[in-house]
Amino acid sequence: MHIYSFLQAVRDKKPLVHHITNWVTIYDCAQVVKSLGASPVMAHAPEEAAAMSGIASALVLNIGTLTTEVIESMKIAGAAANRKGIPVILDACGAGATEYRNRKSLELLDAVKIDVIKGNASEVASIAGLAVATKGVDVGEVADDLRGVAKTLSQQRACTVAVTGAEDIVVGQGKMFLVGNGHPMMANVVGTGCMATSVIGTFAGANPEQLPEAVAAGLACYEIAAELAVKKSEGPGSFKQHLFDCVLQLDEKQIRSLQQVH
Amino acid sequence: MHIYSFLQAVRDKKPLVHHITNWVTIYDCAQVVKSLGASPVMAHAPEEAAAMSGIASALVLNIGTLTTEVIESMKIAGAAANRKGIPVILDACGAGATEYRNRKSLELLDAVKIDVIKGNASEVASIAGLAVATKGVDVGEVADDLRGVAKTLSQQRACTVAVTGAEDIVVGQGKMFLVGNGHPMMANVVGTGCMATSVIGTFAGANPEQLPEAVAAGLACYEIAAELAVKKSEGPGSFKQHLFDCVLQLDEKQIRSLQQVH
Amino acid sequence: MHIYSFLQAVRDKKPLVHHITNWVTIYDCAQVVKSLGASPVMAHAPEEAAAMSGIASALVLNIGTLTTEVIESMKIAGAAANRKGIPVILDACGAGATEYRNRKSLELLDAVKIDVIKGNASEVASIAGLAVATKGVDVGEVADDLRGVAKTLSQQRACTVAVTGAEDIVVGQGKMFLVGNGHPMMANVVGTGCMATSVIGTFAGANPEQLPEAVAAGLACYEIAAELAVKKSEGPGSFKQHLFDCVLQLDEKQIRSLQQVH
């Protein structure tokens, strides 16, 4: 897989990525898309949700601070995105934490054709209908199972599934990619997971004909930038700023020498 | 025009700048006002919108993530600001992107006496009623027209108009100022446009008797700080942090030697 | 008081801290909790507010951008937190600025058993029912009175009261602690007050049996990190990023040598 070509497509096509996302990391989601050379737009009013998805190349839905009203806007935007045929990406942020969050996630999955579901181990397991405690999931121990969970969910929902962790698992269209890039520092920074989803949306918007590959390439690029940023950083605050710098500057040579996609 | 004196007025009077703004860049808007030495307050509940504008020196309205409810709060705050006679600044963020956004912008302009309208080329053209595509406007090609658009809109709405771009155009009270400061890096950073509006609001709040001059001076100061920040930066992440540092430290000598206001 | 032991409890227990907070500093509140080694969760939907507080170790309520709907969610979360017996912390952000804000603060205090009230001088005075102008309170001049105000409010509401300023005053359970740490740079940065409350919530969640001590220890740790961060910074932008770095890295030796708690 030629990872850099997916980034090049992002920089060439500069896709408009419509987000309906959470209020905690909304800035970071926009900034990471902008740093990739694409255009973010955040718009959640139900009256313009369809129109905004109608001019976009991808739609990112993130339920981090969901409300019933925001979920309704997501359904409207999702329906418009489905009609237009652009990829819809769901970040199952916090799924498993409350019954309400689980119910709303499934409601969304039933109402909208989701093309990519992204979450950490417990979020994806929760979406797949498995009973997993949201706190204290040990990714190491359940690693073998996780691949199975991702495959099952991919088949259940006929979509690409991305499970992030020390090793990311991407499953879709009968293929599986493992992404070994990234750094433990990312776990100290609020928003690294949400940004990963926005990156996925951007890569999917520029490469819609190869979704599983685009998802894996996006995660690899983002996490390579993170590895480079850690080297310049003293902690989570300085890391996040360098991350945006490194995403903007990411080049083919860095990707070639650092990528760990299998 | 003695630009530094407008900044000095900001630092001396420390105006309270009431914002009803978007959820993406709300922190940055507050921080840039604080970095200027003034006081930001963000408050959108309809029950306190009028009271908050009643103790403020300027009101900034930014429709970036508008909803019908938030627009109603803007009308209430705007009416209070008009009664008190403090400047009201509108950031026409994303105008032109959807029919809903256009309709709500015009609704606001009809309900509230707006003193300063700020946008990029396509946003201002959209507000002026011209049919311009929101994506792909080439500022260079339409530069001559843009000045005309700004003049027309300034007369239509009897207000000051600021069109930001490589060269900012400020038109009001029959005068025109061109601000040549700034740096291309700003286009890589989410929020630089929203922050410009908050800066305008702060300068307008401290210098309400000379609005077009205050708007031009505010843009010049902010963009000079951006030029200084770029020199310390490696990319969009580090740039934004240095921008706040440079705004706080901006002094008369820097302004005198770097200002490009005509 | 062995301040480091309170931080150690945070890092060992990694409490989940549920926030219903404002839209300006929501990211910073989450990131400071994460930098302490704990887990933040921001969730304001009324349908899940009780469930989220039900799995948390502390609840932080911040009225910075309150609306009537958000206050209702705070009451629901607060009731669940009270039933579970976890500490509830209120940041009286902006109390005194509008009649609506005062009324809603008192409504919340009557509906929920608040364990810690935190504010600056004018906010706490406003909550205590004293007529104090929100702008222009000179903390120096009213310093003696402030301790009295804190004591009175602590008795009125049977809670711990933290008044932040050049010297923080913590009063609760008949005890008083004065925290002399911190740096004037903090006043140039939006969110330093909100983050202080999230720190208090985190320390209270990990040390619920000694609330006044936990509050004082939390403020001291946070403000020592701020002192260390200022040394690496050039202004408010770089300061905030270094602050997160320094909170993460804070160690026993730094605390011992710099703490000024009496």
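Note that the chains take the letters A, B and C in the order they are written out, and that residue 1 is the start of every chain.
In this section, a contact is a pair of C-beta atoms (placed from the backbone, for glycine too) under 8 Å apart; a residue touches a chain by one contact, two chains touch by 3 or more.
Please read these numbers as outputs of a predicted model, since none were measured by experiment.
J.: Counting shared numbers against all numbers at the contact of chain A and chain B, is it over half, same, or under half, different?
T.: Different: fewer than half of the residue numbers at the chain A-chain B interface appear in both copies.
J.: Quick check: superposing chain B onto chain C on C-alpha atoms, how many degrees is the rotation, to the nearest 5?
T.: Answer in degrees: 120, to the nearest 5.
J.: For chain A and chain B, what's the span in angstrom between their mean Cα positions?
T.: Their C-alpha centroids are separated by 33 Å.
J.: Would you pick out the residues of chain C that each touch at least 2 other chains?
T.: Residues 23, 27, 240-241 of chain C each touch two or more of the other chains.
J.: In their complex, what parts of chain B are in touch with chain C?
T.: Within the complex, chain B contacts chain C at residues 16, 23, 26-27, 30-31, 34-35, 39-45, 47-48, 51-52, 55, 232, 240-246, 248-249.
J.: Over in the complex, which chain A residues touch chain C? Could you list them?
T.: Contacts found on chain A: 22-25, 27-28, 64-68, 94, 97-101, 135, 188-191, 233-238, 240-241.
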